[in-house]
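These notes open a run of structures that come right after.
Look for chain A in each of the two complexes below; its partner is chain B in the first and chain C in the second.
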Partner chain A sequence: MTSILTIVFFPFVASLLILALSPVLNKVNMGKKLGTVVAFVPFICLSFILSLLPQLKTGPPATFHIPWVKSYGIELSFLVDGLSVLFGILISGIGLLVVIYSIWYLSEKEDKVKFYLYLMMFMGAMLGVVFSNNLFGMFTFWELTSISSFLLIGFWYHKEESRYGAMKALVITGLGGIAMLAGFIVLYQITDTFDVTKILTMGDVIKSSHLYVPALILIFLGCATKSAQFPFHIWLPNAMEAPTPVSAYLHSATMVKAGIFLVARLSPAFSGTAFWTGLVGGIGLITMLVGGVMAIKQTDLKALLAYSTISQLGMIMAMLGFGTQYSGEAAIVHIMNHAAFKAALFMIVGIIDHGCGTRDLTYVGNLRKEMPHSFKIAFIGCLSMAGLPIFGGFISKEMFYESTLHVPFAPIPYLIPTVAVFASLFTFAYSFKFLIWGFFYKAPEHPPHHPHEAPVLGLFSPVFLALMVVLLGLAPSLFSHSLLEPAAMAVTGKTAELHLALWHGVNTPLVMSFFTVILGVVLFMRLKKINLFQEGISNAVPWLSPNFVYNKGFLEGVPPLTQRCLWWFQSGYLRHYLMAIFSFLMISTLYFSLSKGWVLRLDTLLKTEVTLAQVATLVLLACAALATILFKNRISAILSLGMTGFLVAFLYVLMGAPDLALTQYLVEAVSVILILLVFYFVPPYFEEKPTKNTKAMNIAVSVLVGVVMTFYMLMVMDSHLVSSIASYYLETSEKLAGGRNVVNVVIVDYRGFDTMFEICVFSIAILGIYAMLRLKKKAKAVQEEVPVK
Partner chain B sequence: MKIILPLVIGILFASGTYLMLQKNILKLVLGLALISHAANVILISSGWIGPGQVPILGKDDSIPFVDPIPQALVLTAIVIGFAALAFLLVLSLRVYRDLKTSNIEEIRGQRG
Partner chain C sequence: MNSLIFRSIIKIVSPILMLFSVYLLLRGHQLPGGGFIAGLMTSAGLVLIYLAYGCERFDWRHRSRFFYFLFTSGLTISFLTGLAGLFWGGFFLKSGFAHVHMPLINEDWEFASAAVFDFGVYLVVCGVCVSLMTMLGEEE
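Let's look at the complex of A and B:
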């Protein structure tokens, strides 16, 4: 099982290596070398994952544990089954292709070190998510993918849009992540374990629990935000500010499927209830429709693909939501298909962007002749996306239609198949908008550059993916037995046998596909009018979009609120902090002592004997303390403080502590001299002029402290709650340490370490004082060098 | 004694707190010194059982001894308290030299 550790941690090691070598790498002009070297990382991961394939069919899923927090069952553990291997292949395989593509895509001046550092970090995190067998481990990797996605979206951080997009993605997926963590904890309340394999066997317990609905909602919030489901989909279009290889990798093929993955992973335990189907299937269908409707409106090709990704993710989510065995299998097949054609199409957009200097359909069009190879790839990709035969997309679209016919808990018959066909019309329309507008129609404006085709290095990855799309359509059995069946098994919990083929005879799904094509063509023909209509709607009612909520509600509402809270907590005035600290300490002391049922026993307290010396010392002490605050003249105040110290020392004498008294006398003498010395250099007390309120508050807090401490002392004075270990010291002091002064023996012998650290503290204070007194000029020089902004 | 001592400790704490809440950095130092005295006295009195013998062996071991542990702890505390006091004093001196103020509220907001 060491291979699983290699798979997950090798990318992290690689990113650490890149980080460590970055000073060297930044100096030399690397050209394409770094990308070439980095490409070996996903390649090695991919080959390790492929080597896991044979064991999927034979044995039960393999797990691997490294304990972490044992008492809570939190551990780093990995699970190798069909689902994790399928995702692992997608992540490392597309990762490899993306790295190869990025070698061509990134120009000389880009910060490649940073790019590959983040990319490898993401790959490791994503592999960690899919192979995790412990919900806490999964959550950790999950958040890491959010962070690396944030860094990659903001890769061109000098652009305002990049920063906006990065922030939006982080806020939305981050909030979802917190909800998910809460969901995991609720799930733990039900199952008492964080172990995924154990949770999967407890489906009945989970579904019958009263915490089922909250757990599902919270976990699904995490999945829906990550997988850009309605209404959280708004971050994905803005995430397109990332470099195109990143969009192809994170925001279409892998990271946005993490939510899908988790839903698929947990579906054996959670699915099969009306609530599951309503929530997951319902949100999925809505997302599919909304994404499609938005996609046909876009003129930016990348935005079109972003919305189409949202729509396709919704479709997969819907299939998982239906919760039947067949729909689970269909979802798995479509995950594979979508990753292939969508990554290819994104890469084509990158090539168009490079070749024309823009990717907006207002400027780009009729590229068929200038970019013949890209055209062929786009042709294959778009047809597969539209669900047309001989490509992979057709098979999974048919399976989707078939599964909509048998949805359990369907509210109205034929509703779901109708919605599915209706949403697919938009899929058809945007696929053809990409293909026809981009490669056949003439654009209204001219692009900044004359279009030119990418070199072999840029075309390699999309060509490879296009080949996969064709293979998935013509020879699906190549994948179905070894890869897709075990994955489907993990999702449905039952042995799966996939019979993937293009032709199943004339049946309902085929008829539905037929209608889709006919109506889709009609929709496509009227696209321009519909787009105008859509434009009108979004101008008339801007608040309809969830973006409105984010921009107006979140961006404009939350920062002022947090700032106000922050100012309240962190006012910057020491006085406020001290008042908060003192009040809290006193009130909690009072609360706990009262709640423990402590009582004042005044009778015993009053009985104890009092000597005149004690009373006199204490009264003087109180007077000296009060004098310290009352004197306006600071010399008198210092002398009063010194007086307090000496009286405390005398109190020690009365209480049988001569060593302390001696120390206190010495320390107090030196303190007074020191304070006077310092005061000599500092001007007299300035007049404080506190407002009435401030003064009242100060007095109130001080009196509170005084009263509570008095009360506390009265209560603890007589109660020896724990027996002292003093008798041990008193008995053994002479025998073991050879000293009769027990206090001294305790200090230098029994608690010698205390004394040693005390000396350390003293030395540090001395060093600090020395530094503050001597390093003056140098510090000033530094201060002057800092430019004042 | 057992009724007066808590009262005096309360007065020490209250005066120390009041001084710490002032704006003058030197008053803060004085307040801190008062509070550390009060804390030390609390510790010592927790080991004090009324009239008892100084914990030095060898005279007459039958009379009960005062608890030596709080004494040992307070001995450490006095020394560390002194170190902290000296450090704070020099810090306030330094603050005054560099920023020409000993008002805590004027010190804030002095960055770059």
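Let's look at the complex of A and C:
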């Protein structure tokens, strides 16, 4: 199974290589070379994935795993089945085409190193998502796709809109990701495993569990945010600020399908309930409708495609939501179709943008003469998107209609098919708006440049994709047997046999298609009036859009709120922090011991032997502690504080703990000196007079600490309450770690991870102090420079 | 603090302290000692030198880079030990040890991967304490 490791990690290795070589690459003028070299990465991945194809039909799904955190069942494991291979082919195949396209698209002055670095990182992450067999591994890759998408949307970070779009995408998909993580954990409560293949076999257990609904809602939140489902779709149009190859790749063909992928992946275990159909199917249909309605009013071609992507994603989601075998197969077919035509259309928009200097329909129009090749590709893509015959889109649209006729748990008969046809009208309308307005109608204004066609390098990828669209329509059997059937099997859990064809005879779906075309033409004729009407609505009720919630509610509401919270508990006074920490610690300790029903038993305490030396040390200790708070002079206070430390160390000696004593002595010695150095900066006497309230608070907290700790220590001494782990360490330290000094063995062997983090904290603290002192110095220097008036 | 007596004592004491700290570091796995204690002891020795001689003998400011290097390399060493555990032992920070018979002195010596980790801890503790001291001292 080395091929699967190559598939997932090769892009990461490539991006690391680009990163490592970036100092060299940035210096030389590489022209188109870098892109050409990078194109080999998706090519190699693609060929490895294609080599997995033959085994899909013959054997059961293959898995492969590397243990990671064994004790929690978290591992890096991969699953090769129809669904993952289908997505793998889409990711690496379209990745290859996008890289080729980007060689033409990116001009000389763009930062290509960064572009390909992010792009390869994304590709690796996305392949990781689809091949993961462990929910935690999947989550990790999932978040990586969000991060790389953020970086790619913000690729032109000097533009305000890019930064806004990148932030929006990260906020929405990130929040969804957190919800999904919570959902995975809830799912773990039900199934007791993170292994996807095991979870898929436990469908009955999951569906009958009382945690089914929360788990489904949380996981679906992650999927819906990622796949831009209503009302989380608002990030996708803003993500169009990314360079066009990125939009074609991430925001139409692959990343936005991650949510679809996860829904499809988990559907054998989750689907088949009324709740599933209502949630996934309902949200899907609403998204399809909203996306379509929004798409027809766009004049920016890329925004139009963004909303159309939302609509199409909603359609796929709806098919998965219906949960029948047929609808699952239909979803798979449409995933393939949509990826092909939408990526081609995006690339055409990129070519138009390049050729005319804009992609707005107010400036761009009547391009069929100037851009004959682009026109042909757009023609094929748009007709497929509209669901017209001889193209792939027609087949899946028919399948969609067929599946709406047999939706289980449908509330009202004929409601879903009607909604489906109604939503498809908009699909038809925006497809034709793209085609007719862009290539036939004359635009009201002139574009900045005179339009010109792209060279062969730029046309290669869209032509290839258009060819695929035609093949998907005319010869679907090329794909159906080897690729789509295994994928459909993974989604539905049953053996699938697809009979894809353009002509099925006269049946209900064909009639529905017929109505769609007739009514779609009517809608398209009235488009200008409808657009004006839509404009009127969005001006009259701006709060109707989820964007309003994001802009006003989130961007303007949350930062002040968090700032206020932050100011409340980050007051900047050390004493406040100490007080909060100590009171929380004491209250939680008290709660814990009371909830366990621990009581102080005097009879065992009285039996404890105390020597005279111990008592004497304790008395001295109390005196030193009292002296610390009574001294008015800081130096004396510090020294007496050090005194308490040394006395505690002496107590350790008396009780036979040389390690602790040694550590304590050294810590005290060093810290007293360091504190003295710090106190060079503060006045020698305690000058501020605390108010009565502060004093009372201080006394209350210190009394609480004293009382609770005393009682807690006394209770812990009572060996009935807690079983000691000391004996385990004493017995095994030499056998397991080869050391006799148990204290040290615990530090470096048993609890090495703790120590690792401790030294990290130590180093972070010193970096903080360094920064603080440096800043102070700088502030001083600035102050001295500014002349005093 | 920079009296003649103090300075003379420090001249004798600090090398002993340093040596003793190395001794503590090496025997840590078997007898009281270890990286944390040894690091503190070394820094205590350096702090004493600083108190006695200030910036006369050592230019601490120029050495501060060296101390930053100390704790970063300590962190690296500890982390690499962890990675070695991942590669040879199966998981991060897995420790291993071996008893090797020493020919001339005729004794079994214990070699543990944890000792390397402990050395990293030693470097971090030592580097952090002394960097802190030089930073604060620099201000004066």
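The criterion applied here is as follows: the second predicted complex is superposed on the first by the 577 of 789 C-alpha atoms of A that agree within 3 Å, B and C clash if a C-alpha of one lies under 4 Å from a C-alpha of the other, contacts with A are read in each partner's own complex, and residues count from 1 in each chain.
Criterion: a contact is a pair of C-beta atoms (placed from the backbone, for glycine too) under 8 Å apart; a residue touches a chain by one contact, two chains touch by 3 or more.
All of these numbers come straight from a predicted model, not from anything done at the bench.
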item: Chain B versus chain C as contact partner of A:Pro560, first or second or both or neither; value: neither
item: First (chain B), second (chain C), both or neither touched by A:Leu773; value: both
item: Contacts of A:Pro54 with chain B and chain C, given as first, second, both or neither; value: neither
item: Partner chain in contact with A:Cys760 - chain B first, chain C second, else both or neither; value: second
item: Which of chain B and chain C A:Gly645 touches, first, second, both or neither; value: first
item: Partner chain(s) touched by A:Pro658 [first = chain B, second = chain C, both, neither]; value: both
item: More chain A residues in contact - chain B or chain C; value: B
item: Touching partner for A:Glu609 - first (chain B), second (chain C), both, neither; value: first
item: Partner chain(s) touched by A:Ala669 [first = chain B, second = chain C, both, neither]; value: second
item: Contacts of A:Val743 with chain B and chain C, given as first, second, both or neither; value: both
item: Footprint overlap on chain A, comparing chain B with chain C; value: 658-659, 663, 667, 670, 674, 678, 681, 740-741, 743, 747, 755, 762, 765-766, 769, 773
item: For the chain A and chain C complex, residues of the former touching the latter; value: 67, 70, 658-659, 662-663, 666-667, 669-670, 673-674, 677-678, 680-681, 737-741, 743-745, 747-749, 752-753, 755-756, 759-760, 762-763, 765-766, 769-770, 773
item: Chain C residues touching chain A - in the complex, by the definition given at the top; value: 24, 28-37, 40-41, 43-44, 47, 51, 71-72, 74-75, 78-79, 82, 90-93, 95, 97-99, 110, 112, 114-115, 117-118, 120-121, 124-125, 127-129, 131-133, 135-140
item: Complex interface listing, chain A residues touching chain B; value: 572-575, 578-579, 582, 602, 605-606, 608-611, 614-615, 618-619, 621-622, 625-626, 628-629, 634, 637-638, 641, 644-645, 648, 651-652, 655-660, 663-664, 667, 670-671, 674-675, 678-679, 681-683, 685-686, 688, 698-699, 701-703, 705-707, 709-711, 713-714, 716-718, 724-726, 729-730, 733-734, 740-743, 746-747, 751, 754-755, 758, 761-762, 765-766, 768-769, 772-773, 776, 779-780, 786, 788-789
item: For the chain B and chain A complex, residues of the former touching the latter; value: 1-24, 26-30, 33-34, 37-38, 40-42, 44-48, 50-58, 65-69, 71-72, 74-76, 78-87, 89-94, 96-98, 102-105, 108-109, 112
